[in-house]
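First chain A sits with chain B, and in the next complex the same chain sits with chain C.
Now for the complex of A and B:
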């Protein structure tokens, strides 16, 4: 008797499961058809970093203090600056990000006093070589003009 | 004519389960000595994804280790963020604002649900059912979207800071979380109808893979594995931390000691986590999310500090030894799945191979956390 009870309840459980699957089959699709559609990233999305444009001068806001370099756990940021005549403080001459080492923790953005760096919203990154991920952020800023 | 067996021990053969095997969910290798379909002896081989996290910790400043904690157990990264942040705060003596503690609890519990949902899907996939995985991922995506809007990341979070959290939560997150809880509540009965009450699952799990209380104690198993063996132990209740004492929630305990018990513990835990999140959102106080006096560069006083949290897989402990400088002298991570895996060798002896895989599934292994 117990055997038949189990047979009955077992078969019933399978049909209930099937019913759920069939119901789900007619529901709208929840996935995004990626290459044809893509998402806009949220305001706080952490992509790789980029330099912020200074709206007054059109250049960057960096004061070459080196705090981001110190804060980075993986040492992916290289920045250099020089003194120029007639300009107060240092001028940024090089800002390179080695994205192959970056873990997107955001320590650099937090440590930046003048808020000269921010997260970009790029997420679909692909490249043919390792060198493709060594970003010259100064060049990138100029190209964005 | 059949071949004569000269020596009984020669009848066995060695089977390598992994390092690339879909059921081990990562690069875990188990050397199985098999007698036909039965396991005679099992030996887990670890270290394929060893990344020296502990040694890395000794070579960077206290704050710089934070991203590493998100990469131990990548499915419940926030619990590990929480453990490390709390241990360092204890060492330095930083008071965390109440709002930050609430945000921590809410996000950690959301992450716990996400982790259990993924386990649920992957576990049923191991047993041969494909569709539940897709349903579970549908719900999990909603959590990841919510967490992404606050933390900026979807998986390897680095959200907590010494003295609070990185960003405050906004109204969108609060309403989104409430909606999600409503949605998941309505979907839980569906999961039970589809999977829990399914006769195939019951036959595969009920009475299979017994892990006794005594064995759990010997190996130091924690989390759902321990609670599935009838031991009521949860760090959130028994060594309260953060604002967990403020919440009213139960610890699901099952005494059957079998795979089904461990399955049920996790399913019930999701419901309890939803209760915690709801209460957290109701009680959420106003105020700052970062301690005003949190130092930028940590230099804890000389000493030995320990802190444990209840991660999705069990008790995660972190021991910090400070020599008064800006880098840790020693950083020891006690990961729950390492202990949970160690009992597998003893528990699976004499079991059929497919049953042993079901047992391994209920241990909820995350290999990067075992190897560290």
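Now for the complex of A and C:
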């Protein structure tokens, strides 16, 4: 009798299993077709830093105080500015990030008084050389227009 | 004479085309099925819905080098893939796709299909032995013992069916199942021959899976334990032919199940015309079920596999045989 019980419960379990898989078969697919579509990153995601666009002037908000450069423990950031005729304060002329050394600690973002830098949402990065990861953020901001 | 020759050629070309097309597109069905059971999309890049994927796969397999390693038996190694594919294609000769659509309406059609079905295993054995690879030899030993174990219940259920229908001619067997789905052997024999017929159907289906070396009975391949089992040393089209043979065998198994239990080309309702479409529909439902089973159950342990056959399937199919005999005698 135990033999038949085992047979019955065994067969039944097979059909239950098949029932589960056929239900999954008709459910919508959950995979993301990666190169064609990609996820939007969450608000607190930390990509490499980028310059924040100043909505009034259309340029950057940087005052070239050099705080981020000093705050960076790895020395990734190189910034430079110059004095221009008729413009108050300094104008940013160079802002380079060496992402190969960056550990995404966020000290630069934290130290920035005018909130001129922020974490970008770029995550699908790949490049043929080390130099591909030395970003000219000023140029990047201009290109994003 | 000439019409006979043309007929022969037409069926030869037709059968080979049908077998090859099925082998190619069942891979697509398999991959799509697997994907959707796991809630993925599956092949989608090559052509619409990935429909050109089999062609790409074929081109790839054909362009690969057919490597013959040192130490293999050169004759057996080359013959083996054909020994898996050719019998499967041969079996198509007697399968009645439609009322008048069969290459040869042989009186011993069922016997012929079974006879050719067992050559497939011989091919796997010779290929494995010829490739002089320990994994392949282990796989061969498994396939043989599995095949011996599963051929018996398969034949026993088939014998019970033959006793009840009194014919081995596949087309005649289908003709006897005409007039609606309640005349199909699956249901009809439950009343006239043996109340165990649905169970016989399950046994037949299970053994069909085992005979075609499909998951969860794919001991011949068992990639997680035996690299690729019998196919370990095969590359390029050698493997491709094995693969085609495997899928052709699945088509044969599904076609046979359709003919024996599900009324072949007979329509399920009496007012609908009989046609080859019904046959194909039933066959592909069975094939889909085979794919469905593959992506539902894990591979059984080898001992469990033999236990299932010797302790469950064979006793029950014997009981089915005796009950059928008794039923026929009494009623």
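To be clear about the criterion, the second predicted complex is superposed on the first by the 108 of 145 C-alpha atoms of A that agree within 3 Å, B and C clash if a C-alpha of one lies under 4 Å from a C-alpha of the other, contacts with A are read in each partner's own complex, and residues count from 1 in each chain.
By our rule, a residue touches a chain if its C-beta (ideal position, glycine included) is under 8 Å from a C-beta of that chain, and two chains touch if they have at least 3 such contacts.
On a predicted model such as this, the values are computed, not experimentally measured, just so you know.
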Exercise. Figure out whether A:21 sits in contact with chain B (first) or chain C (second), or with both, or with neither.
Key: both
Quiz item: If you stack the two complexes on chain A, which partner ends up touching A:136: first (chain B), second (chain C), both, or neither?
Solution: neither
Exercise. Identify the partner contact of A:29: answer first if only chain B is touched, second if only chain C is, both if each is, neither if none is.
Key: second
Quiz item: Which residues would you name on chain A as touching chain B in one complex and chain C in the other?
Solution: 11, 14, 17, 20-21, 24, 30
Quiz item: Where on chain A is chain B touching in the complex?
Solution: 6, 9-11, 13-14, 16-17, 20-21, 24, 30, 42-46, 71-73, 103-107, 110, 119
Quiz prompt | List of chain C residues in touch with chain A within their complex | solution = 33, 35-41, 44, 202, 292-293, 295-297, 312
Quiz item: Which of the residues in chain B end up touching chain A in this complex?
Solution: 60, 63-68, 71, 131, 135, 138, 141, 148-153, 156, 158, 166-167, 190, 193-195, 197-200
Quiz prompt | Footprint of chain C on chain A - complex, ascending | solution = 7, 11, 14, 17-18, 20-22, 24-25, 27-31, 33
